[in-house]
Amino acid sequence: MSRILKKINWMTLLIPVVSVILGLLCGAVIMLIIGYNPVLAYQSIVESIFLQPYYGGETIRAMIPLMLAGIAVAFAFRTGLFNIGVEGQLLVGWFASVACAICFDHLPKVILLPMSITAGGAAGALWGFIPGLLKARFKVHEVISTIMMNYIALYTTAYLIKNFLYTEGERTPTIPAAASLASTFLADLTQGSRLHWGFVVAIIAVFAMWFGLWKTTKGYELRAVGFSPDASKYAGMNVSRNIMLSLTFSGIFAGLGGAMEGLGTYQYMTINSAFTGIGFNGIAVALLGLNTPLGVVLSGALFAGLQTGGMTMQSEAGVPVELIQIIIALIIFFVGSGYVIKWAFGRLSRKGHK
Amino acid sequence: MSYAIEMRNIRKEFPGIVANDDITLQVQEGEIHALFGENGAGKSTLMNVLFGLYQPDQGEIYVHGKKELINDPNDAARLGIGMVHQHFMLIDKFTVAENIILGREPKKHGVLDMAKAVKIVKKLSEKYGLDVDPNQKVEDITVGMQQRVEILKTLYRGSDILIFDEPTAVLTPIEIKELIEIMKRLVGEGKSIILITHKLKEIFEACDRCTVIRRGRNIDTVAITDTNPNDLASMMVGRKVNIQVNDAPYDPKEKVLEIEHLNVLDSRKVDVIKDLNLTVHGGEILGIAGVDGNGQTELIEAIAGLRKVKDGSIKINNDDVTNQKTRKIIEAGLGYIPEDRQKHGLVLDFSVGENMVLQTYYKKPYAQAGILHNKVITKKAKQLIQEFDVRTPSERTLARSLSGGNQQKVIVAREVDRSPQLLIAAQPTRGLDIGAIEFIHGKLIEEKKKGKAVLLVSFELDEILHLSDRIAVIYEGHIIDIVDPKKTDENELGLLMAGRKKGGSEA
Amino acid sequence: GCGNSKSSGSSATKKAAFKAGMVTDTGGVDDKSFNQSAWEGLTSFAKDNGLKKGSGVKYLQSTQASDYSPNLNTMVHQNYDIVYGIGFLMQSDIQKIAQQNPKAHLGIIDAVAVDKNNKPLKNVASITFKEQQGSFLVGVVAGLTTKTNKVGFIGGVNSALLKKFENGFKAGVKTVNPKAEIYAQYAGAFDAPDKGRAIAQTMYTKGADIIYASAGNTGNGVFTEAKNRAKNGKKVWVIGVDKDQHDQGMPENVTLTSMVKRVDQAIYDVTKQTKAGKFPGGKVLEFGLKENGVGIAPTTDNVSKKALSTVNDYKKKIIDGSLTVPTTDKEYKEYLANLK
Amino acid sequence: MSFFEILTIIIPSTLLTAAPLIFTSLGGVFSERSGVVNIGLEGLMAVGAFTAAIATLGLEHAGLGDASPWLAIVIAAVAGGVFSLIHAVVSISFRADQTVSGVALNFLAAGLTIFLVKMIYDGKGQTPYITHNIDKINIPGLSKIPIIGPIFFQQVTYTSYLAILISLLVWFIIFKTPFGLRLRSVGEHPAAADTLGISVSKMRYIGVALSGVFGGIGGAVYLVTITSNYNVSTIAGQGFLALAALVFGKWHPIGAMGASMFFGFAQALSITGQQIPFLDRLPSVVMLTAPYVLTLIVLTGFVGRAEAPKADGIPYIKGQR
């Protein structure tokens, strides 16, 4: 543990912390200007999350897909790729897990649950593989292709549900209990929140990213190719395959995020006419977490807390929930501008010395 | 007496490093002034200060005797200072004319007047004998011509003080000769030139005086007539320099590399290697001499499996590796110091340590069953850093932040340490200072002594002549002749490189 | 401010004042559709009973589908006497929460809350409407008004609920005007006015002169297109939905009539019953013409006398049961066959 | 339906849907040509649409009548320009990753506009409807031409023609003026431009600001010609589509315009297609995904490799090696 602590660069840790504080301060200023009570607003967030088991449970529940989406983005980022397609990968993962669960509803839980989770990961993998292939073979920039893939996923899943798995309420039927991650134990523990066992999957994913990227030869290769395809090629690595693999792995994480929604939170999939936003939030989570596994957990918790708490903020302090979105945007801006924060602190500390 | 340029007590700090420390440089009107120093001595930094790209932390600059503040390149241009940068500052997708006029465009009613621009460029190029085609895109012209475009850019802006930052590193001997002539012509017109180069020969051929700097500090300024190459070299390095020569006896062993009837296409599907035959033995350094673009790059890439072979065979240690995967060829015994060290040799955003195992990371003892053994890797890196004298704060430092010479040392360390049967060294000392060159030459000779085969590709005839046991001259994609370095000279090699075989017959 | 939240958990000792709440879907309370209508029902109830907005009656807006459950839960935990989920999208969340909180009183619009065995949940009032009946009446108006004998139907998303609108409307048209041709298309979304507009453009260009826009905000695109045409001198009509959309058609006056769905009325009624201690839990409430739950808009400026009186005839027939309006495609087919 | 009739439906519909995309992708051209990736086009459109709604409503109220939407477009242009400065400051001066900043810009725009709508309209999630749209008209004279008239000049808005004209203008500016040369130079090789005394930051600020102006116009046009009020779902993906058009069009103004037209066409077809014999038998998903699938196919080099400006996406740091 102490070894890990020693490795932390305190300056880099400073940036996200300062960014969060600045973001919340800006949010407070906005509330003051408009005439809301920022103390009450933030208090309601904190109190609900920490004092009311229901909101605590919901926060952890919201963390699960956010973490997986964040891991997906961070993983790709560490291998030199920007995966904006998490949203689409998540949708197909969601669909595949639910479809698998429904189609094989006669199977016992020990088989069906892992199988449905795997189906979600596999669908996400496919959705990541395609832009990977396009990049490796045709040099199509992943930013553009993943955006395109998002829309294709949105319309395709809607179409598939509508035509093959439709039930009243614009959604698929509910999955069988044998495929469900939901748990009455966890729900009872948290006053009936939707907290489910998916957090185990999310934690495994976090570990997998850390171990995979930094402790394995494949991870070394993926990072090398990400940083310098040319040098990697000269060193005898298969560049194309690694690019494809990287987006495929990233897609698996995203697909699992979708499976968690399908098998845990909802137990079905709705026909989405717009994006869930989890994928895009995943970008923010990854950034704030400095694309590190542990960082993703922490920032995932923060975002989930803000979102869940945002609803109490709406009901308790009357502040529109959009304010949360504004705060999140500001935090991303601040994290992105880390250079300036560092610079400003450099100035401050130098002045302090003089 | 007033100097064209006088920089007094210049200090420039970068985070963690003092690049220039109290440097003074005086350039007389109408002279070619050499700036000489090892890699990372602070030459480019000093010139960037003069050109307004960096602000000095301390010191003063006088131009034609008047104290000036140079805040940006516009100020420099106003003062008549022009610079040809170490890395060309040209926009590939623009035409030659567009590159030259950019920032000072001829206009008609607020619209670009390209016809006029082309005319201006033509006129300028005729006046100074700098042959360029204004309408060609920069990406389509040779490095030599790009160099001329850079010079024209400065002349278009009316500069009378020209800075050349290592202009010859990427030029062929012939182009270098031309460049020196051009510089002399410019000086004849009353312009003053600062020339940065690592090649002593050029300094003695072209320059009037020379300022030597070492580790960011001034050492001395001397008139060229008052010094000699050896003195200058040791002044720069701070110790005596031993020019490394290949004095080990030539004792060829079994064939390591065997190329037969090789045919290779280039990226435009044109034959670049035509029926090439070549054999390299253990215990020899085989030098390949040739003018750039005669197939050297393609030959190496074909050997390394980076380029498809159309016809013929390549064997390493009797293993047929034709069109095999690069990794297999590496495992068969290939080591490779690539020409472009930053692009091909290193993952710049990896640490020095990670770069040390770029080909071996998946093998024992660095890994087992797909799991990295980071401790072993770190230990190895530390050992190599020590052994090869890589100047880096630690093995965790990013390769990007190393100076060019030290980056090259990392590559050499890695390749030599793997002790490959065949070591290809492509332009291994390009842009390096004498100290570093000495070191790398020493390592190549050591490999030969160990009985390894070394294939050396270089545009530096000196280097080829000094190191090789045999010299193969490549011309238009095949080996036109193989000569003994002891029985040949630069003249004969030059003729061969131009395609003329002994006896004057055209090949 | 945390007084509300504190009250959860602890058993309520003193009788608290009556509180009614609703959770909107992502449309919000001003969606010019059923969220708005529902909220109007609650506010008018508040006004009549001296409840305060914000505490006595209150709504929570959802920004995404995953918010439904926490929002509903929040109100349940805050001991609201009744909590409505507005729209069939909340059906499964309501069902789950109802089962987790058997003491809570919940209401759902446009869906029937059931348990695992498909039995209505005891603590949920399911509020549904006979949209086919209202749609039939506006269909009659359209059938009698069209000059081109071509009319259009634009639906939000293709679902059983919207099919009630479509088939009711088509039956109405065909009943009074067997020659009429009917184009029907679904936009795939309730919030895509651009699609609504493009579909309307196609239908009008193909010769339809009346379009029944049953598509929430998507329908607003239909209005835009109709008004644009009206400005260019081509008289076309729109039939509004959910609320009286007469104003929406002004100043070009393109609203022929509207099919109103009195969500407000239903909410008002159910809330009133709940306050009186007669919460209709476990019941499936169906609001039709008879209950004044659906009908033709009060503004009838653009409807001819003849059409109005025909509408009244059919209204009577439907109410007295002598005419059954089809809801599904199958029923519509049978209905058509019987017409001949 | 006759083929001719189909054209008279699809072409005007294409022109209508394409106009906002054209404006916005032209904005992208300015920004990316200067070397700043702009994923934030979506947010800029949102700001433009929001501003146009508020401004039109205000101007109508002030009695400006039919001039209101036009003036609103101008105001939205300014608003978009100002809003884009956030992206400029963060990504140019503060050296943030441009994609990151763009993503944040989208978040901010989405949150802020709805937040403001709620503030202005007493908690409501959407603005009222504007009553003065920019309407589809029959162009006097031209619409009377046989065949061509009904297809190209009936039931169209002036904004569509304006968009086409402006894309020609942008082409001229970028390729024929000193400003354009300099703009492209900082997008290709900022260090080279810097050594020639061109201020890289200044050019990039201008590029980004112009993308804001055009993105604002794009959003405004969308609002005043198509949706008429602003709410959460008004701008839902059009900005990303414009970005795709920009890439599809190879960072070229005319290309971007053509690609936008193509997307407009695909969308028009996906809606109208359901009423066209044959096409109505295709599953709707094929039509809906067509723009995106085709973009991917095009990017694979099927129509020649697209190349981004070389320094696109890379913050310029003076003197960095």
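In order of appearance the chains are A, B, C and D, and numbering begins at 1 in each one.
The working rule: contacts are C-beta pairs under 8 Å (C-beta built on N, C-alpha and C of every residue); 3 or more make two chains touch, one makes a residue touch a chain.
All values reported here derive from a predicted model rather than from experimental measurement.
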item	value
Remotest chain, chain D as reference, centres from CA atoms	B
A-D against B-D, pair bridged by the larger set of C-beta contacts	A-D
Approximate Å spacing (C-alpha centroids) for the pair chain A, chain D	29
Distance between the centres, which are taken as Cα means, of chain D and chain B, whole angstrom	46
Distance from chain D to chain C - Cα centre to Cα centre, in angstrom	35
Set of chain A residues in contact with two or more other chains	158, 274, 322
Contacts with two or more other chains, residues of chain D listed in rising order	123, 233, 236, 284, 288
All chain pairs that touch each other	A-B, A-C, A-D, B-D, C-D
Complex contacts: residues of chain D adjacent to chain B	176-178, 180-182, 184-185, 188-189, 191-198, 310, 318-319, 321
Contacting residues of chain B [partner chain D, same complex]	48, 51, 53-54, 72-74, 77, 83, 85, 89-94, 98-99, 102-105, 107, 110-112, 153, 400
Contact footprint of chain A on chain D as seen in their complex	37, 39, 86, 90-91, 93-97, 99-101, 103-108, 110-112, 114-115, 118-119, 123, 233, 236-237, 240, 243-244, 247, 283-285, 288-289, 291-293, 295-296, 299-301, 305, 308
Parts of chain C lying in touch with chain A, wherever the complex brings them together	1-2, 4-5, 8, 54, 58, 60-61, 63-67, 69-71, 73-74, 77-78, 88-89, 91-92, 97, 100-101, 111, 157-160, 188-192
Partner chain D, residues of chain C touching it in the complex	26-31, 61, 63, 183, 185, 188, 191-195, 197-199, 201-203, 205-206, 217, 220-221, 224, 227-228, 231-232, 248, 251
